[in-house]
Each structure stands twice: as structure tokens, then as C-alpha cells.
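I've put the structures underneath this note.
Shared chain: chain A. Partners: chain B in the first complex, chain C in the second.
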Partner chain A sequence: MIHLENIMETRKLSVKAGQKTILDNIDINIYRHRVNTIVGPSGGGKSTFLKCLNRLVDLDSNYHVSGDIFLEGKNIREYSEIELRRRVGMVFQRPNPFPMSVYDNVAFGLRLQGKVKQHEMDSMVKDSLREAGLFDEVNDNLNRPASTLSGGQQQRLCIARALILKPSVLMLDEPTSSLDPVAKGRIEELMIQLRERYTVILVTHDITQARKVSDHTSMLFNGKIIASGEGVDFLESSSSDAMKAFLGDATV
Partner chain B sequence: MDTKNKFFNFLTLLMSLLPVFILVSIFAFVFYYSIPAIRYMGVRFFTTYLWYPGIESRPPIHINGVTAPYASSYGILLFLTGTLISSALAIVIALPLSFLSSMAVELYVPSGIKKFLISMIELFAGIPSVIYGLWGIIVLEPLLFHDIEPWMRDVLSTVPGFAGEIYSGAGILASGVILAFMIIPIIVSVMVNSFDTVPAEIKHGIVTLGATKWELGKYLITDYSRMSTYGGTLLGLGRALGETMAVLMVSGAVVNVLPSSFYSAINTMAAAVASLLDSAFFDATGMSISALSELSLVLMIISLSVNVLGRRIAGRSVLRGEEFD
Partner chain C sequence: MKNLTDAGEQDSGIRWKSSTLRNAKNSLAGIAGYLALLAMLAIMVSIFGYIIQGGATHITLKIITTNGNTTTGGILNAIIGTWLLVGTGLLFSVPPGVLGALYNVQSTSHGGIASVTRLFTDILTSVPSIVIGLFGYLILVIRLGMGFSLLAGGMALGIMMLPYVMRISEISMRNVPAEQVNNAYALGADTINVAYRIYLPQAGAGIISGILLAIGIAAGETAQLLYTAGWNNALPSGLLKSPVAYLTYVVWYGINQPSAYAHQLAFVSAFILIIMVTALIFISKFIGRKGA
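On to the complex of A and B.
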């Protein structure tokens, strides 16, 4: 029996945009050092769910959030937005390197935190690139513009940029949806490696990807969690029509 | 029907060429009228500040094949200096205020109020310059004369340019402040537009790394969209360089006296053309009109160059935003 420890949890989390309910009473546990996967069809509220966990959703005044989210047992409202976002890192669907060098991209978050000695920064940038599995590919010239990297490399750069802040949780919002199969495979391997040091939350509509990497899976459909459990296989035994339709579409 | 179409095509072609035709013809007209002054003054046109219409009672003189009033001199050094100093001062005042306004509009006010503020800022750009000038005379000049300039002289007396006589409140500072108010809407407008063209992924990427709103805005305006910021500033500068009426009202409109401090009266190229044109018609040789044409030509070249450069730079950065979208 594996002992599972919560690092984050949501209680009665609901999000509305005007009259439309995007998330409806979500109770979910995020387990430490696991790949926690949220699967479901597009438009089901997966990305909004992630944006609630680091309060990115607060940037849009059209969204109204209710319910509670806890990080390490403490309500996320008790953290400053800045501290919360440093502890709950996020990587987006499309690689979003800033128009600057590889080095400066990775060091960006560190520089925001204030003065860090140059040799410490060098070492942390390299460590983060190693953790993201990118170091060997870019080490010959860290000053090259990030835009010259391939899509897969750019996405791993974004992961390195998030990792340099040593987050407790790393959220990945469909991180491979714009990548070719080889680059996608690299990121999937990386997710499995990263869970040893970080807690990973993966949002995906790709059930095959969930099968490869997920330790704990929740199915989000029309703003509601309709199934949740260890691994992915339990989803197959569901009798829900929504689940069957999703799995049928996803395996095509 | 075919004839109608042909006529319509011809008409639209004609209309599309009209702006080019107008611009070229104005340039040609101004250049043509400048030729006698160019031949009379040569390079001294730029190196002397003496603007003197000559002595009417003495016979005109003939130099380089042109006729000019006796002892006349047409030097634009004072106007050039006044234009550059007042415009530079306007930029120095307007840039930080525009930056703060853009930050406030983009990051600190709710979206409903944001739209209202942007429309207000756009309205500011539409206020006739004579109203700015009137406000300058009634409100700004007394304020500068009685309060601000004496205070500045006391506090900054050791800084070059800030010691010296205070005359009336009209002058460099008043011109700089008025011009700053006039160009802030232009710079804010470009900054806000460039802000909006930054892809959401980039903004969210910065925020998720723990950036504060201030850090986000500072990075976007001074780094990510810095070319837009430069472009907007140059467009503002273009407006400041060519502004006539408001500056004419608050500058003191002096001739033949170079400024000795920031409190000195001044004159600019555009204001000089407006204020000296009337008397120039009394010059029977036509040289005064020609000199004002040359002054206009120089102003036109500087303003157009700054505007073209500003538009190119601002446009390029918008393209860069799309590239990353």
C-alpha cells in the first residue's frame, strides 16, 4: 500500500464567468511527488482549474472563484500572490520563451527575486537546464536567442525557467500539444523524472499520454470531476457515457 | 457600366495619389521660396542667432545674385535651440508621466475604467493647442513665476541653467510643460497599444515566475516593447517640434537673445514663422518671406524625419509582438 501525502487540495472549488459555470464544486487532492493528471475533453475547465491553483485566474476580473485551495495545509489566500506563484510553477500549452537569450530566460525568475551572486546564478541556471534535460543541447552557447531553439527545446527551456525557483508543485498545461512526437516523448520522460523532486500536475486531453506518465488521474468533464483514482486504467471500467465518449474519441 | 468603372478606378487612383502630391508640392513650394535665402545667408543661416529685417531707408544690397534689405540677417540658431530645448524638456517631463499612466491604465484599474481612461486620453489629444496655450498663460505662467521657478532657483542654484533672473513665467519651462501635456496622450497611446499586442502567454509567463504588476509593466514597456516606447516617444517629439500656437503663447517669443537659464524666454521655429510672418510681408525685396520659408523647410525636414522614424520603429515592434504570438 503506497502512502499518499497531499501537497495541495481543493474544497468546493467553483469558478463562474458571468452566468456560466466553468468549475463546479471540485474536491481534489494533489499528491506529493506524483504525476497528478487531469484529463478531459477541451473546454471542460482543465486550464481554468490550473489557473486557480496559482491564482492566475485572478488576473481576469470576469471570473468569480469560490471555495478553498490549500497548499501544504495552508489556504493559498494566506500566501502572497508572488510567493504562491513561485511555489506553484506553471508551464503553458505553447512554449513562451521571452525574447532574450537562453541564459536570461532561465535566470529571469531568479533576477525578479533580487540580487543573486553571478557565480550562484550561473550554477543555478545550469542545474535547472540539466533538470529540464536541455543542458547538453545548449551548453555550447547559453547566450543564443531562445527563439532559435526548436519547439521541444523551447518547452524544456520554459520548464527549466520554472524549476530555477525550486517550486513545490510544477503545473504543466497540455505541454506537448504543439510538439512533434519525438519532442513530446522527451517531455513525457522528463515528467516521470521530475516527480522525484517535484510534484507534477499535468493537464491533458491525450489519454495515451496520461497512460504513460500518470500516477493519479482525475477526469474533468463539463466543470465536474466525474472520476478519480490511481493510474489511468480505472477510467476504462467507468460506465459513464461521458467517459466512454471521451475515451472513444481519445483513442481514435 | 464599363466606362463608369473605369472612371471610378481613375478617381480612386487619383485620390490615393493625392496625399503624395500634396506633400511633394508643399515641399517643392517651400524649397522654391527658400532659394533666395539659401543664396543670401548660406551656412550662416544656421550659425547666427541674429534675425534682423534690415534698414528700409537704405538701398537694398545684392549678394550672390539676390536682393536683400540693407544689413539684414536671418539666423535661426535661437529658434533651433529653443525648439530643441523645449522639445527635449517636454520629452523629459512626458516620458515618466506617460510610463506611469500606461502602467496605471494597463495594470491597476478595472477593465471598465480602463476603456474610459483610454477614451479620455484620446480626447486630450484632440484639444486645440490654443486652449493649452490659454491655460498656460492664465494658470501655468503665474504658477511658474510666483512659486515654482523661485523654488527651483533656491534649491537648484548650483546646477547649471537653474540660477539666474526670473522674468515672467513665460519661457523654456512653460513651453516644456505645455508641450509635455500635449504629447503625453500620443506616448501613452502607443505604450498602451504595444502593451496590448504582447501575447497573453508572455504576460502570463512573467506573472507565473512571481513578477509583481510593477515588474511586469516595467519589463514589457522598457524591454519587451521598448521599440514601441522609442517609436511613441519619437512621435511625441515630432508633435512637440512642430507645435506652434501653444508655444507661441507661453514661450515669450523673443528674438535675438539666446537663453541663459531655464527661466529665460525663448522662441521656436514654428512659433517664429507664425509670429514673424506678418512683418515679413512689408519687406519689399521678399527676402524675409524667403528666410521664413527656409526656416519652414528646416522644420519640415526635422519633423518629417522624426515622424517617419517614430512610425517605423513603433511599427516594427508591433510586428515583433505578432512574431511571438
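On to the complex of A and C.
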């Protein structure tokens, strides 16, 4: 019996945009050092859910959030937005490095924190690139523009950029949806490695990917969690029509 | 079968007619476009030719290096005065314009201050410069006691430049990918950091191009300066209560004088203005393209 420890949890989390309900009473646990996967069809509220966890959703005043989210037992409203976002890192769907060098991209978040000694920054940038499995590919010239990297490398650069802040939780919002199969495979391997040191939350509509990497899976459909459990296989035994439709589409 | 064939022939006849009509319309539109382009080019060439012929042939080192009073002397005071007014105008238009654009672009609500600001900016763009001049005269020159001065003239120009700076800055900032803005926030950046590290570097070329365009427009303005800057045969002695000379005044006043030399000064001033404005437009386009 594996002992599961919560690092984050949501209680009665709901999000509305005007009259439209995007998330409806979500109660979910995020387990420490696991790949926690949220699967579901597009438009089901998966990305909005992630943006609630680091309060990025607050940037858009059209969204109204209710309910509670806890990080390490403390309501996320008790953290400053900046502190919360450093603890709960996020990588987005499309790789989007800033128009600057590889080094400056990775150092971006660190520089926001104020003065860090140059040699410390050098070492942290390299460590983050190693953790993201990119160091050997870019070490010959860290000053090259990030835009010269391939799509897969750019996405790993975005992961390194998030990791340099040493987040407790790393959220990945469909991180491989725009990548080729080889680049996708590398990111999937990386997710499995990263759970040793971080808690990973993966959002995907790719059930095959969830099968490869997920330790704990929740199915989000039309803003509601309709199933949740260890691994992925339990989803297939569900009698829900929505689940059958999703799994049917996803396996085509 | 026969009916089908007939229908087919009829159908292909209709298609042929509609295709011929479409081609004729396209040709007509093309010819109209070329004619409009030719007319525009003819107007531009005649204006530029006339001014260049009148200005370039009369420009001398003495005219551009000595002060004058629009009928005698040179136009150094007007050249420097124009730049002083535009520079003061920049102080009153660039900071609020760029900060306002940053506010608008970071404001996510559909109503509120941002949309009101945008509406007023659009209205301000279409307010005639003479009206801004009248406001400047009544409020700045008379009510606030600035007199005809660099500050009153610069502020009046600033009011006119503000909407251009603001709108073009906002458009440039809106071209910054939203994902990069979200990424910066997700990495713990606050609003100021996002402005400083994401919006300004990436929209910088567009902002500068907007500023240069506003300078070009302001440098060629006369109406509001007549009411706020006055005229000075020398350089202004301070910010307040000391009038300022400017090039458009030399053009406007000099051309109405029964003096060949005043006409010469007017043409030289117009020539310098055209060179300045054209150069600024080319620089702004170059910077804008480089930024894009």
C-alpha cells in the first residue's frame, strides 16, 4: 500500500466566466512526487484548472473563482501571487521562449528575485538545463538565441526556466501537443524523472500519454471531475457515456 | 438527355457571362486603382517639387545659422524653437502615452477605464489643432499665466501627440504574444516586471516608431502654436512667458509678406520641415520594420 501525501488540494473550486460555468465544485488531491494527470476533452476546463492553482486566472477579471485551494496545508490566498507562482511552476502548451538567449531565458525567473551572484546564477542555470535534459545540447553556446532551438528543445528550455525557481509543484499544460513524436517521447521520459524531485501535474487530452506517465489520473469533463484514481486503467472500466466517448475518440 | 445537355449549355453560358463580368469589374477596379495612385503621386511630386525648387535653391548657410524675424535675417531661432517645442511636447506625451498604453494592454476587463481611455484617445486624435490651440490659449496662456511660452506651446503639442503615441504604443504592445506575458507572470513577474522586461523590449521598436510619427506630425503644426507659443526673434529665455519661434510660423507669416526675401525664408522653412518630417517617417518605418 503506497502512502500518498497531498501537496495540494482543491475544495469546492468553481470558476465562472459571466454566466458560463467553467469549473464546477472541483475537489481534487495532488499527490507529492507523483505525476498527477488531468485528462479530458478540449474545452473541458483543464487549462483553467491549472491557472487556478497558481492564480494566473486572477489576471483576467472576467473570471470569478470560488472555493479553496491549499498548498502544503495553507490556503493559496495566504501566499503572495509572486511567491505562489514561484512555488507552483507552469509550462504552457506551446513552447514560447522569450526573445533572448538560452541563458537569459533560464535565468529570467531568478533575476526577478533580485540580486543573485553571477557564479551562483551560472551554476543554477546549468543545473536547471541538466534537469530538463537540455544541457548537453546547448552547452557549447548558452548565448545563442533561444529561437534557434528546435520545438522540443524550446519546450525543455521552458521546463528548465520553470525548474530554476525550485518549485514544489510543476504544472505542464499539454506540453507535447505541438511536438513531433521523438520530442514528445523525450518530454514524457523527463516527466517520469522529474517526479523524483518535484510534484508534477500534467494536463493532457492524450490518453496514450497518460498511460505512459500518469501515477494518478482525474478525468475532467464539462468542468466536473467524473472519475479519479490510481493509474489510468480504471478509466476504462467506467460506465460513464462521457468517458466511453472520450476514450473512444482518444484511441482512434 | 437533351434537356440535361441544354441545361448544361445554359449553365456554362451563365458561368461564362459571370466570369466575363467579373473580369471586366476587376480590370475597371485595377484601372481606377492605378489612376488614383497616379493622381496621388502627381500631387506628391508637385508639392515636393515646388517646395524643393523654392527651398533648396534659396537655402544658404547664413539663413540656417542666424536668427531672424521672418522677413529679415535667418531661421536658426525657428529651427531650434521647433525642436524645443517638439521636445517639450514629448515630455508631456510620451510618459503618459506609453504608461496609458501599458495600462490599457494589461487591463483585461471589457469595460472600465481602459475602454473610456481608448474612446477619449480616438476623439482626441480627431480634435482640430485650432481647438487645442484655443484651449491652450485660454487655459495655459491666460488662466495659468504661462503667457506665450515654450511650456504652453510644448504642452499644446503634447496634447496633440498623446493619442498617436498612446494608440501606436498600445497596438505594438498588443502584438506581444499573450503566451509570453502569461509565462512571465507564471515565473513570478509582477505587473511592473512584465511591462519592463516583456512589453517594452518587444514593443520598443513600435513605440519609437509611434513617437517619431507624432514628432513628424507635431513639427508640422501651426494652429495651436499660434495661440500658445507666439513668436520670438531670438531663442526663448526660459520656459515661461518667453515666446518661441518655429518653422511653420515662418512659412505661414512669410508667404503673406510683400517681400521676396520673406518668401525665400518661407520656402526654406517649408523645405527644412519637409526634410525633417520625411526623414522621421522613413526612420519610424525602418525601426518599425526592424522591430517586426
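The criterion applied here is as follows: the second predicted complex is superposed on the first by the 252 of 252 C-alpha atoms of A that agree within 3 Å, B and C clash if a C-alpha of one lies under 4 Å from a C-alpha of the other, contacts with A are read in each partner's own complex, and residues count from 1 in each chain.
Following the convention adopted for this analysis, a residue touches a chain if its C-beta (ideal position, glycine included) is under 8 Å from a C-beta of that chain, and two chains touch if they have at least 3 such contacts.
Remember, it's a predicted structure, so these values are computed and weren't measured experimentally.
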Using the superposition on chain A, tell me whether chain B and chain C clash or fit.
clash
Just to be sure I read the superposition right, which of the two partners does A:K184 touch: chain B = first, chain C = second, or both, or neither?
neither
Which of chain B and chain C A:F98 touches, first, second, both or neither:
both
Does the superposition put A:R86 against chain B (first), chain C (second), both, or neither?
both
Should A:Q113 be classified as contacting the first partner (chain B), the second (chain C), both, or neither?
both
Now for A:N54: first (chain B), second (chain C), both, or neither, which partner does it touch?
both
Looking at A:C158 after the superposition, I want to know if it touches chain B, chain C, both of them or none. Which is it: first, second, both, neither?
both
Please identify the positions on chain A that touch both chain B and chain C, taking each partner from its own complex.
54, 56, 59, 61, 82-83, 85-86, 89-90, 92, 94, 96, 98-99, 108-109, 112-113, 158, 161-162, 165
Once bound in the complex, which stretches of chain A touch chain C?
54, 56, 59-62, 81-83, 85-86, 89-90, 92, 94, 96, 98-99, 108-109, 112-113, 158, 161-162, 165
In the complex of these two chains, what residues of chain A are touching chain B?
54, 56, 59, 61, 82-83, 85-86, 89-90, 92, 94, 96, 98-99, 108-109, 112-113, 147, 158, 161-162, 165
Going by the contact rule set out above, which residues of chain C touch chain A in the complex?
108-110, 177, 179-180, 182-190, 193, 197-198, 201-202
What does chain B use to touch chain A in their complex?
110-111, 199, 201-202, 204-212, 215, 224, 320, 324
